[in-house]
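Shared between the two complexes below is chain A, which has chain B as its partner in the first and chain C in the second.
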Partner chain A sequence: MSLLERTADLLGFLDLIRDELGLDLSVQEAEADLDALPAWDSVHLLRLVMLIEQETGRRIPVASVLQARSIAQIHAHVVASAGGGPR
Partner chain B sequence: MTTTTKAAAGTGTTAATGSPTTTGIAAGNGNGNGPGTAGATAAAAGPGTTAVPGTGNGTANGPTTGLPGTFGTEAAAGTAAATRTPAAAGTEATDPLRELRRLRRDGLLAAQWPRVPALLAELTDAGDREPEAVAGDLTRAGRVLAALDPDEVLTRHPGTPLVTVAVTGHSSTARLGDPLTAELARHGLLARTVTGDHGAWLRDLHDADGELRRCRPDLTLCLLDAGAVMDALPVPWTWQDVEAGLARLLERLTAAADAHAADAAGTLVLNTLVLPRTVLQQLVGRHERALLGAVWREFNARLLRLTADRPALAVVDLDPLVAEGGPATDPRLALYARAAYGEQLLAAYAREAAHVLRARHGLTRKCLVLDLDNTLWAGVLGDDGPEGITAAPGTLAGEPYAALQRTVRQLASQGVLLAVSSKNDEDAVRPVLRGHPDMQLREDDFAQVHAHWEPKDGSLRAIAAGLGIATDALVFADDSPAERALVRSRVPEAAVVPLGTEPALHVARLLADGWFDTPRVTGDDRARTERYRQAAARAGLERGSGSYEEYLHDLGVRLTLGRPRPHEAERIAQLSLRTNQFNLTGERLGADGVRAAAADPAGLVLAVHVADRFGDSGLAGAVLARYADDALHVDNFWLSCRVFARGVEQGVLAVLLAHAAERGLPAVVGRYRPTARNGRAAGFYPSAGFTPVAAAAGADGALCFRHDLAGLPAAPAHLTIDSDLGGDDEPARTNR
Partner chain C sequence: MNTSAQASLGVPVAVGATGTDWDAVRADLRRYGTALVYGTLADWRPGDLAPDALRALLGRDWARYCDIAHEDIRDRYAASRRLLKSAAAAALHADAVDMELTYGPTGRPYLRGCDQIDITLSHTDDLLMVGLTTRGLIGVDAELADRRIYSKGLDRLICTPHERLGLGELAPEERNPRLVRLWTLKEAYSKAIGQGMQFRFTEFGFGPDGRPLQVNRPDGTPGAGAEWAFATYYLDVGDTEFCVSAAVYDAGLGRTFDTGITTMLDAEAAEALALALAAAAN
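So, the complex of A and B:
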């Protein structure tokens, strides 16, 4: 299963965040405002973006992903621009 | 997973247990044993997957447990495989990264910390993976490890060597923590990282009461990038502005390095600045661009030269790391996260930083153990015969091996000892080493040659014993994943160089880790191989002599004791770094410390030269002492293991006792502080008639022993001693 397939749904995306960034997030936390997640920062976001880019060979426009206010929104952005789509 | 081992005999049932060995920093790699390694890994993998022993599974046991005979020879392993479950290659069951993540998820990481070095050794033992992929996985492993509180590990494993690393820089250094934690953990070192505020490096380095300096770091990393000069310039700027900015920066860095050295706060690591093309191309004039390039490199050159007279400073040259590892930066990281450098460069930098620390703590490896077939030459000697193997320079098949041999010779010329461990007939190997036209390395270049069919872990132990060094001073390079897995598993303290199936990459693999890095190479290093050859000749004499006393007598050992000559300060500092077994306190002394002690009227530094009929062992011992009214205090005594068992230490002590008596002092007091490695010297003072000073154990665990000079011991009769301790109470005598 490719990375993109594995992360097509939010739970898979949270698995990726746990493995790659060392952050354990619940679905509830993923849907909360980023301000409620002090452990999260833009470096985390860029790491994720780059990882997915390496996998897909496609650029994800970071500026637009940076507008997202929650992990769930980031997920939607990333999946949409990486060529998949949230199920 | 790129497990390609042929020796795929299932050892999924091997449940390694044993008490984790925690050691002082001098002991280097922690042993990676712990409960539930291979078996647990296989079980966790679920049905249809099998542990692959070729990847070691982190079962780092002593020789008596673990993988019984699995790797005796490839043939034997094949037989074993036939009778056991064949391994499913490429399973993720033994993926060390996965295992680390599982340990974190299950909350077992702190408890199982002693397994970490072996897991990371397994992760990096990937001769046929792209180095970038391995580095990426190592950074991921670091992410898992960095999330762990070092205190939690220390609670469970109190002896784990801990290093405090202070990190500051011009841009964000947040992403350096992961690769740094992983690189230090590879060496068995637990990292406590203290991070400064980015942009505040100047304050961090200067402020003695600031957070960074207060934590007394073993290592201070100040990661600089082009922004350190460019951010301070007005827009538009000219190359002359850059030149002036670089001059200011160099001034600040010099002052920071001096302040750091004055504080004796571990090693400070700076780095050269990479010139980004996005800076260079902002100048459209080719002439101006060339001048910008020139002033930039002049800054880097001056920065590198700062290390010449600053032993506490190291400068990591980023240019070769960028040249090998691709882009230095990612514009998005730089602009959105203020992170100047990309993941690959940070990983390479972290590796260098860990080796700086190793070298400063005397953990330099001493001997490179090489396989022969498909490592030093193309082909298999036993199958192809001497005519069928090649390492001929300039030929398609031979050139990669010729390049490796040239590289190995280069290392050897600077004091790296060489040894052979090969599954071959010795009778076939010796003539090749002596006379094969392709060989650039000859029999004499190797301090030990072990060519036979016994398992290689035994060869490694025999090589270390033969050279009088510890197995954690060995680096083992082999193209066979099975042999490497065996060594990782049975001699986990030896470092392993994963040579892959592509021989053109052998040189890069060999040099990927700075295993032999040392603060400075001395003349003594260059003569080391010759000395070990002399040692072999001595061993021959010993076998031919009747008793050990007769042997010592025949050896004709001569000691020369005196105050060090100016050029010998470096050598004494190096001796204190490299000496572990006969280092009576485990303490090290820098060249500046040697000079300071030697210049102190109340101080006494002695250089001990040892020679015998087979040659000169050079400056092989040193004493650091102080004159006081109550005694001559011997604060430390270092003796190289190459002159052990020749009565040298007894001879030196006899001279010191006589000297103290001559000066009218009432006693000599010797200091011994037990370390993980100097146990053999524990009885040194008592055996020479010293008595323990009651309740004198200091806070640092040092024990004191006193000799009242009532009866002065004679030096061993087989020694010829020439001593001139000088001293200012003998003004009439000159020691020039």
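So, the complex of A and C:
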């Protein structure tokens, strides 16, 4: 299964964040404002964008991802940018 | 603490939640027009304050504070505002409970009604950092000095082409420390101009260590003049080293040596207010 397929739903996306960034987030936390997450910051966001770009070979528009206020919104931006739609 | 600070900025001053003599902060404001202060989360967390006192201190931030579900984040939120308001109050010879914060579209804090002083805030791990300036605009950012940021691919999202060339020429063990420094400089600059990360970090850069700092264009040529001052500091707090950068914009409005809140009111505005009050009384 490709990374794009694995992360097409939010749970898969959270698995990726846990495995690659070491952050274990619940679905509830994924829906919360980024400011409310204890360990999240902009370095994590850029690392996530980099990882997805490397795995999919597609550029993620960072400016639009930066508008997101939650992990779920980031997921929606990333999936849309990578050519799919959030499940 | 070692520092590559420029002469136009002083070094960060450590402050405690109780018993702090703020004279050094006021002295830096008089000398440099800027003061940088820092404290620890453990010291500034509001556990020693009664709920009513904390509510009075947070003012309009109280509702936001109550909405934060995670205890650590709630404590960090309160501690950082406590330090920010205490530092601003010290600069203005006022009480912290009288300081009111307001926020711009990107979350940048301002002191409501006291726009003669610009403020900035950064916190990471156990470090809380505050910047104050009467010169114009200020931004600060702090990171753990040993935070792993550098990796192939990530530098493309953070650095200008010129910076990436410079990083590539360094020994591998020197790349991450350089990138942590660049990251904090870019965050500090972005905070000062109120853009957060909306202003892409690949669109502006900084030179290598050991030279006067300036903002560069992506190709490494100067992108701003002497109106900006930057500095990077390495702070040992407890057993942890932090990389801290500050960016200060001099608006060219001259220096303000008396920052007392009662003397910073614009004279014409104060006169107009007095006339209006007198007219209303009659």
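In this text, the second predicted complex is superposed on the first by the 87 of 87 C-alpha atoms of A that agree within 3 Å, B and C clash if a C-alpha of one lies under 4 Å from a C-alpha of the other, contacts with A are read in each partner's own complex, and residues count from 1 in each chain.
What we mean here is this: contacts are C-beta pairs under 8 Å (C-beta built on N, C-alpha and C of every residue); 3 or more make two chains touch, one makes a residue touch a chain.
Everything numeric here is computed off the predicted structure, so don't read it as measured data.
Visitor: After aligning the two structures on chain A, examine chain B and chain C and state clash or fit.
Guide: clash
Visitor: Under the stated touch criterion, which partner chain does A:S42 make contact with: chain B (first), chain C (second), both, or neither?
Guide: both
Visitor: So, A:A68: does it touch chain B (first), chain C (second), both, or neither?
Guide: Neither partner.
Visitor: Contacts for A:E53 in the overlay, against chain B (first) and chain C (second): which applies, first, second, both or neither?
Guide: The answer is second: A:E53 touches chain C but not chain B.
Visitor: Could you tell me if A:L34 is touching chain B, chain C, both of them or neither one (first, second, both, neither)?
Guide: neither
Visitor: Looking at chain A, does chain B or chain C touch a larger number of its residues?
Guide: Between chain B and chain C, the winner on chain A residue contacts is C.
Visitor: Figure out whether A:D19 sits in contact with chain B (first) or chain C (second), or with both, or with neither.
Guide: first
Visitor: Among the options 182-190, 272-280 or 362-370, identify the stretch of chain B whose C-alpha atoms clash with chain C after superposing on A.
Guide: 272-280
Visitor: Going by the contact definition given at the top, which residues of chain A touch chain B in one complex and chain C in the other?
Guide: 41-43, 46, 49-50, 62, 66
Visitor: Along chain A, where are the residues that touch chain C in the complex?
Guide: 32, 35-38, 41-43, 46-47, 49-50, 53-54, 62-63, 66
Visitor: Flag every residue of chain C that touches chain A in the complex, lowest number first.
Guide: Per the stated touch rule, the residues are 68-70, 72-73, 107, 124, 147, 149, 151, 153-154, 156-158, 183, 187, 196-198, 200.
Visitor: Applying the document's contact rule, which stretches of chain A touch chain B when the two form their complex?
Guide: By the definition above, chain A touches chain B via 19-22, 41-43, 46, 49-50, 62, 66.
Visitor: Residue numbers of chain B touching chain A in their complex, please.
Guide: 101, 104, 140, 143-144, 146-147, 172, 174-175, 330, 332-333, 336-337, 339, 343
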